[in-house]
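Just below is one structure, and these are the notes that go with it.
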Amino acid sequence: LDDGAELVSVLHDRMRDLLVGVVGGTEGTTAGVIRLRSLAARGLLSYPIVAIKDAVTNQLFESRHGTGQSAMDGIVRATNVLLAGMPIVVAGYGWIGKGIAMRARGLGAQVTVCEVAPVAALEACMDGFRVLPMKDAATEGQVFITATGSACVIGAEHFAVMRDNALVANAGHYDVEIDVAALARSAVARRPVRELVEEFELADGRRIQLFAGGRIVNLAAGEGHPAAIMDMSFAHQCLSVAFLVARAGHLDATVLSVPKEIDQQVAALKLKSLGVRIDELTEEQKRYLATWSDGA
Amino acid sequence: LDDGAELVSVLHDRMRDLLVGVVGGTEGTTAGVIRLRSLAARGLLSYPIVAIKDAVTNQLFESRHGTGQSAMDGIVRATNVLLAGMPIVVAGYGWIGKGIAMRARGLGAQVTVCEVAPVAALEACMDGFRVLPMKDAATEGQVFITATGSACVIGAEHFAVMRDNALVANAGHYDVEIDVAALARSAVARRPVRELVEEFELADGRRIQLFAGGRIVNLAAGEGHPAAIMDMSFAHQCLSVAFLVARAGHLDATVLSVPKEIDQQVAALKLKSLGVRIDELTEEQKRYLATWSDGA
Amino acid sequence: LDDGAELVSVLHDRMRDLLVGVVGGTEGTTAGVIRLRSLAARGLLSYPIVAIKDAVTNQLFESRHGTGQSAMDGIVRATNVLLAGMPIVVAGYGWIGKGIAMRARGLGAQVTVCEVAPVAALEACMDGFRVLPMKDAATEGQVFITATGSACVIGAEHFAVMRDNALVANAGHYDVEIDVAALARSAVARRPVRELVEEFELADGRRIQLFAGGRIVNLAAGEGHPAAIMDMSFAHQCLSVAFLVARAGHLDATVLSVPKEIDQQVAALKLKSLGVRIDELTEEQKRYLATWSDGA
Amino acid sequence: LDDGAELVSVLHDRMRDLLVGVVGGTEGTTAGVIRLRSLAARGLLSYPIVAIKDAVTNQLFESRHGTGQSAMDGIVRATNVLLAGMPIVVAGYGWIGKGIAMRARGLGAQVTVCEVAPVAALEACMDGFRVLPMKDAATEGQVFITATGSACVIGAEHFAVMRDNALVANAGHYDVEIDVAALARSAVARRPVRELVEEFELADGRRIQLFAGGRIVNLAAGEGHPAAIMDMSFAHQCLSVAFLVARAGHLDATVLSVPKEIDQQVAALKLKSLGVRIDELTEEQKRYLATWSDGA
């Protein structure tokens, strides 16, 4: 059970003798999956690995609802800011960005979204969010949250035009989304103002508040994801291990998706734990669907 | 350019001489795609067909935003009902059901969702909707809208327990989602009450209002999708035809997805028409993303 | 039972002999109430009149939910526009403006609010809407809806900077909120484009779409308020008449508010008709509330 | 400057000699205002007091947005619960209840409202919330938040039917809204489970989680209101003191509302601090409004 392909790296690099007898593995992060895919593409992966992060339920629930809530919660805990009426800029409209934008709006904020991908940008637009290039959004936002998976999404040209006391925070990818080095270079002074919040004073007197040094907000503040989200991730890992063991020796040494059946099973278990009952297809409906798709 | 695989049927059945020289085709409906896949699976399809309905932008925008708005609009036009506070039951939480549930909530309704698939049911639940089996929802709703893709989703056992003056409407699949025959059998009288709305009086005096004889609500009432949705569908068709022509003779006679590039291109054109500008990856970011995914 | 103080005018001006024996009256519009108050202030009103429009339930439900839904419905019926992602400007954040802004957002629009009153402007801001002066909003909106109760809210200086194909509609006060004369003067051509929509072509080629000649949108298109809203207004009138009759001869000839008891009674009847049950104070709670407010 | 009429009590009871020269005062809480009104009604109040809590902006912003955010924040901090999909019961739909219900929904919860007042209950219903008597809601909720201003809103009969692990919290009135004594009596064991959360085990094995011993959630957890809310309260107090001093000796010794001008002034200052500009009435509009209301 790996996060970030750390264990895989050690096993494949320095402790290859332990690779013997390994039936399979699971990987819980997007970053890890990307690295594993690269490893597999070069023919270097020694055993099959299930990419938990790619499970539909993981994206829908952990990335969107889990991070959406915990990122906003982290910001409130660290700053005690009132979100009602607050102009908030969310960079990136993937699952995490969607979750943050949705929750920020649910808390009364005025949300603007920045994107590079046209489909995601259009989706944000039709979801009712204002969509702007970061250069324009930088002048209007008071709180900025990055969740793009890329680097230097907020940099020197943006700090140069932000409002006084703008707060910048990262909910995405390591600590590289905010160009902290550029912020430090443009500052004439820096001081801590609250736990986790550091203030950078610029030459023109404006101040930029940096959250957690650019590290991931919901891990730095608060308690990370609620238990009610992590239970689903752990269920995925547990069921994926069972899947790997049951097929030991019959799977290619590649990165596998979580089987659709496990997604449905995890969702069904979660609904049960919440006391939510759902419908079942009747025999008649099963018959109809089967017949109809045959083109009858 | 086909809707419902009607043209394909005629060409393959009765006018096979016209198949000569056909380079490819497009299909705009889910029903058509299912039939074409069945045809292709049996080796009977004579040319490649692009499934427009499967385009990401088509699902996100036409099914969700287009049908979401036009279905609720159709119901308001046909009934002049006040949606604020109205208990509405949406059967099915696919893209169309998501759109309807979202818009019904946006109009002030109290929305309950029915589903058979655990992942979709859990998604509805975490999106803040009440999730109930139809048997239970039937006693609480005042308006029912089906969008499941299946048959007889609302039937005799549900009519038997509905409130007086419950309205049932279909936004999904042909006219089979509501068991109209069962409703007719249980009625002691039926009369038209408004254009498109027929009232069925049951033996115990309760009345059920049936919308458009169970046919699809946004086609029966109102004007179907807004032009601002259809332009994207037509752009998909146009660009897909160009794609097919450019590859004439080099594609298998199968059902193809809309190429991801066309999805991005359609979204980019739409954003331009809306006057929305977005960010572009910097050279530095492209480099970072390339390097990082290599595991560096 | 009067709307717009029309009946009162005729009675007081031209048919004063009919004033004999009039016990009281009701008035259903804001405009009428303002005129009656002016009449009463000058000592010219001959009998007591209950201002139905001022009832709490009337404002909360008819102005907000009734007009909110029916104004947006009127615009969709008349234009078949897609509201998801649409930049909409609402002028005025009174009860009607609140209703329209809420429903426009619920339908996916990006809503900007214009106001002259600081408290209402701040409320709009904290409700998550962008707040701009009309001069700035004019360049960004695609649909404009006025609900201010004032005149010439959108005028020549705004038409001069609007986007091509901007649509202007009025949901507020008579037909004076949009300066139609100014629009006509600045146009080089005008033509009807859909029922109720007239297009004005400006010298620079831009086109402005005027809805219903500037008359009130939900009365011009659609069917006005849903029956489920009007029933409450009629209940107010009915119960207010009973109130006036019961106190015949004991009320001053002035404009009266709807008694709070009638507001509660109308709401209680409405809840009953919707099948909604609510709590009642226990004896213990009544005792607590009485004792506590005495400062014990 | 008083909170809860504590200072007034001491001055009027034990230190009457200090009453000499007191020009006026302000009171910041609802409880205090109720007590002061009782005092004034009995002719015992010695100087005029401005009721800050009754200011329109105070209710709209502090009670609704301030408490709405901070109550939900307090619950998340204390429990790390996932709000998406959570069935939450809000007792009371005054300004605080409205704020909590709105924020809970904005965070993805499924919200049910309990009320005793028909108008407020109908408002909740038309705002899209389910409305139930507490007896019924008790079986369905997982989190309960009281904001009624009354006592024993949740008591023995409700604990008897709640789900296992239901969480009860109070955001309203002192610590009397939850009948903690009744909960303690029905428990066979109690133990702290997290800071601020105590678990009561009932005879049948179900557990009830009590938040902060029934004390007010946003004061017990978190940091109370955001500074961006308190600044408005303090502005009210400051401007009200200036108002009292300017009229020293010319005001009755009674409880006064915050003058409407101060409400507008505070809102205007707040907008300015947020960088939000608004429209001003033109001379033409002022003239129109003046003329029209004269019935011309």
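In order of appearance the chains are A, B, C and D, and numbering begins at 1 in each one.
The criterion applied here is as follows: a contact is a pair of C-beta atoms (placed from the backbone, for glycine too) under 8 Å apart; a residue touches a chain by one contact, two chains touch by 3 or more.
Predicted model, so just to flag it, every value in this text is computed and none were measured.
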For chain C and chain D, chains touching each: A, B
Any chain that touches chain B and chain A: C, D
Which of A-C and B-C has more C-beta pairs touching across its chains: B-C
Chain A and chain C, separation of their C-alpha mean positions in angstrom: 44
Whole-Å gap between the CA centroids of chain B and chain C: 35
Contacts with two or more other chains, residues of chain A listed in rising order: 61, 65, 84-85, 105, 108, 122, 125-126, 274
Residue ranges of chain D in contact with chain A within the complex: 61, 65-66, 68-69, 73, 76-77, 80-85, 103, 105-108, 163, 222-223, 225-229, 274-275
Chain D to chain C touching residues, read off their complex: 34-35, 37-39, 56-57, 60-61, 65, 114-119, 121-123, 125-126, 131-134, 136, 149-153, 176, 263-265, 267-268, 270-271, 274, 276-282, 284-285, 288-289, 292-295
Contact set on chain A toward chain C in their complex: 84-85, 105, 108-110, 122, 125-130
